[in-house]
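These are the structures, in structure tokens.
Okay, so chain A shows up in both of these, paired with chain B first and chain C after.
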Partner chain A sequence: MNSKTRNPQTKADQVCEKSSEDKIVTRRNFIKGTALAGAGAAAILKNESSNAQETKSPDIKIPEEIPRTLSEAAKPANFPMTGAEVFAKFMKDEGVAGFFCCPGNYNMINAIAAEGIPSYGGRCEGNMTSAADGFSRVTGEIAATSGTEGPGFTNMIMNIGAANSSRTPLLVIASNKTIGEDDTEHGIQTAYQQAQTEGLKKWGKRLITPNRIYEYAAYAFRQLKTGVPKPVHLDFPGEISRARFEEPGELQYYYDKTRYRTESKAHPNPADITLAVDMIQRADRPMIVASTGVFYDKAWDALLRVAEKNDIAVTESAPMRGHFSDSHALSASTGLDAVRSADLVILIGQYCMPSIGEFAFGPDAKWIRIDPDATDIGRNVPIDLGIVSSEKAALEALEDALPSRDRPDWRNELAAARKAFDDQSQEYYSLGLKYSADTDSIHPAVIGKHLHDFLYEGDIAPDQTTVVSGGYGIGRYTRRYLRAHRPGQICNGAYQYGAIGPDVGYTVGVGAAVQNGVGPQAPYKGAPIVGITGDAGAAYSIMEFETLGKYRIPAIMIVYNNNAWGVWTSGASRGAVRAQHMYLFQENLRYEKIAEALGCNGEYVTSPDQMTPALERAYKIASDEGISTLINCQGKKEFWTNQYPPSMPRHFAPGALAYYK
Partner chain B sequence: MKSSIQFKVAAFLTLFLIHLPTLAQEDMPTEPSATVYSKSAAIRGKSFYLINCQQCHDADGRALANIDFIAADLTAPDTWYYGATPLHIFRSIKFGAGLEMPPFKDSLDDETIWQIVAHVLNIGPVELRPKEE
Partner chain C sequence: MVTIHEVVRSELQTYADRGIFQNFSSSDLGGKFSEFKFHWLTEKPFLLRLNVAKHELELKSVLPAVPFRSDMDKAFRNFLVERCSERVPDHRKIDAKRFSIKAKNTNSKLSVSIGFLRDDAHLAVKASVNLLHEIFNNFLVEGPYQNYMVEVFNLPEE
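Presenting the complex of A and B:
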């Protein structure tokens, strides 16, 4: 697999290399020079011996063990079983649909793979945690992640935090030395785990009694499958995972899942539904905010029926999008002016609750909140009516109780708002073309528009491609051009935790979900997916291109490369001195070559005319060979300043532009 | 009452003269609108502030929660870099300031901007707050 034969150099590529040759400096000279000259020196680095080494290097290849062991038949465990096998079997019975890990916790991860749960091994536990998070966000199913004790587990913390803010039903399992060695610091990697996930989980437990492993598995899945989900964290000392059980009687509370938890869900009080119907009927411009709970309760069909029956507008706010199609006449996800105009807001399954001002609704709007958790209703935003219910049950009750009604004025206002949004997007694109030409680079609005046209206006069915909508500054533009037409079509990368870095991890998990056709991804099984991130974010997880390559997960990852952290202006304004260097990277870094070096494909885009051809080549190689591509889009950090309005557009929530919440 | 406030504003301006950028700008007024001295205008300005400004400066103007960049603490004009008089505040809102503060000239009319100026003054030092009904 020689990437050079697949990916001939672009003209810009050649120009760049020629320029490099003209100005080669050695690393030693560079360091010496900067030491003498101080900050502000610019230099182009090149490893002078790299070409000679490349000609002798063997091809990157997938070892035969990988496809061979992936195709082995599952071998479900039966008594006698180890603790690890008991837990893995439990996970299989509960329908865990994806497992993402790095080695460590060996007994557990081997048992999970043997049960036949689709399992993936990556390059960093944190990224694998995000892979599991992304998998859940586009399938609605529980995914699990594992890391080894100590360092492997602590690598997962940021990504657990992101999953917690997204209210993801994520099962975190980690090995943890032995109970017998507690507090001795014997050996290596010992650490108390549960305290480290405090505030980042729904529930957690360090297992210390071997014959209670089945009982605690039930605790875990009760938490994961009822109410408002969040990560559940179990840590497994060696005495637990390696315990042996000869027969079921040795395990406490060994009941079938129909007996250790219930599928029953809260239904709304009829009196509350009557009040809600009255408020909806009195409203002229009612709007539903369809959020996380609508997706996890698989309530999108009921949502559609309610919206259409009474002409209620719907906008989305969630770590995933598509449970109400952007193309529907009642959609307000791209109708921002209509959000400001709504006189009744109905929050359904808004698990990560905004505080006042985070949503752009007007100060006079009335609020209804429907949520399974009574303890959260009324937090942050004062309500006019609270309804404790599962999302689906409440929507079905509303469907029954609401009269049919046409609201032509409201529909017209929604259409006008969407048109205004599209007109503004076109205006930004025109500006982006001008800025790109002025700077010999590619502006983020151009990336977004070309991606939009490629995914939704060309030969690809608009509902086909699942997208990880990540990045920081770039996301402020690409969200404007992305569309969601069906459940789970967009995984909103950052969401409320605002983490910079998990996007390639999300892409692994989302790609695995589509590769296996899980849940709403079933009709699109095997289709290439798209991910978007920035150069700052890519650095945290770019090694997972090796994971994409190893499993032939077909992904196209757009990396917006503006040579800086997205917040770089903070080091350049308001009297900052000696600070700017902390915010900047070397310029024109070639992230696509990292992807090539990891067995994937690379494209370097430096002008608008190169964008669509790069997407076409990337899509073809993903479709034909399952090979992922990193498209390195060279921008300018100055696009985030007032020199290039609208610079970094402010986020707007709820809807397509929501960066948080 | 108005002249007293104007005197205090002038005194404040003197203190920070060294930081003040030029006000020269096309379509820039030469005198502040009387709106900035009106308490009712400040109340109206708060609504526009919450819609347009709080994402960066927070609802209370202190900008403590902004993770995107260092925004000005609007309650502490002695820390500002682009001028603290009503005219300077108007200019920053209408035409932008520094690298990050975006211009609002295409989305807000002058009267609305003056009302926001009144609100900004109203959350600052007591002596600068609008006093007229």
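Presenting the complex of A and C:
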């Protein structure tokens, strides 16, 4: 891991010195990350700015039970097992790499933790669902989430919806009272679950027959591991999770995963590949849109070989970015103008389909669509050729069939388009500096540019930092400055569903993925991550700073604070009367103090010159001590008006700015 | 001999056949003018008017609610000039030797006319359709027109 070592003494250092004098366990002594479990005593946090009255208050501390129980060895279940243990063992065997929950569904979550699946408990079921979603989006692995029956489960709905739109292989499990009490409203928290996830999942089932639990686990993982992924929702009545099985013979369909599902994937028809090669050869400016399926099929190496063999441009559009590096000479992800020039579009794994006009390709471009699901090919965008295939198999077939070819004119146009984009970003930055100076605040273009320079132009390796790119208005600027150099480097928060509230939840999951070095995050294990959101979005999930602090997940969360919902201009124009108050917040709210109150670090930035030093301090405390920081960047809502052009930049897809599709 | 109306209609029909346009219709207004309507890019239909005698296609009221001589009006005219410049890649450039491009603003409605030679009717259609695409996926995207799109074209706020 490559990290900066600037800023000789941070706020945290000062705090720790105080703590040392008090002979208490400091944050510095508290072992971060997976090693957190080694700490044997309570860790205590103090706030530098605590006044006399506050110093008499009990300190924020991590109770000794947390590191102690995290350090306990896994205890995989063996017969005799409960239903919960059977299912947890199944999850472990299927390689579920992360589990995010709030208490409830007790038999299940305890069994999952005991199996040794990395497990995290947070403050709201919805945010933990998004943590699991974010975890999958940057690892490609299945993650699971759990909530208690009734209120816990219904808290998860918005976040399941976001995962569904992103085609995330998310396993949703929730307890659900007992079969014996169905329809009675006996006790509390009764809810009929499956109907509530209708339209938000790939498959779901209320389990009602105890000895079919293994069989239905197989149903669930067949859905999660084949075709186009989406959430799978299982609800567990008490009779199922508490059921006891003395031996394997008591379970239906109890056999190894090599027998209940297949790893085989659809391969393309050779005739279709011949047609595709012919179309590519006749094109002057072919462009691949590498989307969700390329990432989940781990097809990035094949994609690179195909692009380079025939000089095919590649742009991305997905809930995650980086499966084709922005820095490659054939990348069009930041070469937006080249998108308008493509004469052949090859959609690969584009599960969330644009409609005509949503992608900026011209009206004369031809379209090839490669997708594992034949039933979706031809939806929205009329095709010139459809190929049913796994993404990786199709790319490997194209690699074999395509001749080598150089397209120097096309490469030159791509380079010119990227330069034009960079020039425009620089222009926005210059405007942002002026606007910041004029208003005694920080413009979002300045935040984006300083973050870019910090992450990619300084001492940190450009491919190191994984970023949750969220927010609404702020995202319209920061996406422009973020870069993806390797698979899973950017989690595209608001992808398709447009939910801004989960951003801190995503940060928990993405942070956990990097903390544990899962999948493509392995080389960056333990590195700090960055999250971006707005003040509106932060409010939904800011309590998860407590989760970041509790697990010492090192994150830097940038909150763009413009005192308003991003759509506030809707309440100020178009003849609106008595409406604007609904769009505005109290001004100059101090979100960073919430992070401090939750055991993390806070920074308040009100001018451009403060941005990079705040990032440096945040990075150092994250690297050294695993402490997360919320950087509250004070902007102005008026930046979204035409008084400050380009005001709210419009959405553009596909590419680096895309989040609709 | 195939009439200009028929050439234009046929060329536009290919976009409809390929699924680019929805609800394509054409009407011959007495031999001097023809009108072609289609849905594409926005929820409002586009109107392309053919002046048979003048060999001219007009994107009628393509951008409404743009006051004459406003910043947006000026930017749009500059954009049209730019479409013919050397800075635009050849495959997207409007050939100024072949086509004459003019903008006019009537009652705050911007229209664009594309004049062409008799034998270039089919190319003029392609140029018009591609210009329409550039207006909506370039000019209106690159400029500060988010609020305009919401207010005039009912683009979702988000």
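Going forward, the second predicted complex is superposed on the first by the 607 of 661 C-alpha atoms of A that agree within 3 Å, B and C clash if a C-alpha of one lies under 4 Å from a C-alpha of the other, contacts with A are read in each partner's own complex, and residues count from 1 in each chain.
In the analysis below, contacts are C-beta pairs under 8 Å (C-beta built on N, C-alpha and C of every residue); 3 or more make two chains touch, one makes a residue touch a chain.
All of these numbers come straight from a predicted model, not from anything done at the bench.
Student: With the two complexes overlaid on their shared chain, look at chain A and say whether chain B and chain C clash or fit.
Tutor: clash
Student: When the two structures are overlaid on chain A, which partner does A:363 contact: first (chain B), second (chain C), both, or neither?
Tutor: A:363 sits against chain B and chain C alike.
Student: May I ask you to name which of chain B and chain C touches more residues of chain A?
Tutor: Chain A has more residues touched by C than by the other partner.
Student: Contact-wise, after the overlay, does A:341 reach chain B, chain C, both or neither (first, second, both, neither)?
Tutor: Touch partner of A:341: chain C, not chain B.
Student: A:622 contacts which: chain B (first), chain C (second), both, neither?
Tutor: neither
Student: Does the superposition put A:285 against chain B (first), chain C (second), both, or neither?
Tutor: In the superposition, A:285 contacts chain C only.
Student: Considering only touches as defined above, state whether A:650 meets chain B (first), chain C (second), both or neither.
Tutor: Both partners.
Student: Scan A:393 for contacts with chain B and chain C and give back first, second, both or neither.
Tutor: neither
Student: Counting only touches as set out at the top, which of chain B and chain C does A:572 meet: first, second, both, neither?
Tutor: A:572 contacts chain B only, not chain C.
Student: Tell me the contact category for A:498 with respect to chain B and chain C: first, second, both or neither.
Tutor: A:498 contacts both chain B and chain C.
Student: Hey, what residues of chain A end up touching chain B and chain C alike?
Tutor: Residues 340, 356-357, 360, 363, 498, 567, 569-570, 573-574, 641-642, 645-648, 650-651, which sit in both footprints.
Student: Give every residue of chain C touching chain A within the complex, in rising order.
Tutor: Listed in rising order, the residues of chain C that touch chain A are 15, 18-20, 40-42, 89, 91-92, 126, 129-130, 133-134, 136-138, 140-147, 149-151, 157-158.
Student: Of all residues in chain A, which touch chain B in the complex?
Tutor: Residue list for chain A touching chain B: 340, 356-357, 360, 363, 498, 566-567, 569-570, 572-575, 640-642, 645-648, 650-651.
Student: What residues of chain B sit close enough to touch chain A in their complex?
Tutor: That would be residues 47, 50-51, 54-56, 59, 67-70, 72, 81, 96, 98-103 of chain B.
Student: Looking at the complex, which residues from chain A come into contact with chain C?
Tutor: 284-285, 337, 340-341, 343, 356-357, 360, 362-364, 381-382, 413, 424, 472, 498, 567, 569-570, 573-574, 641-642, 645-652
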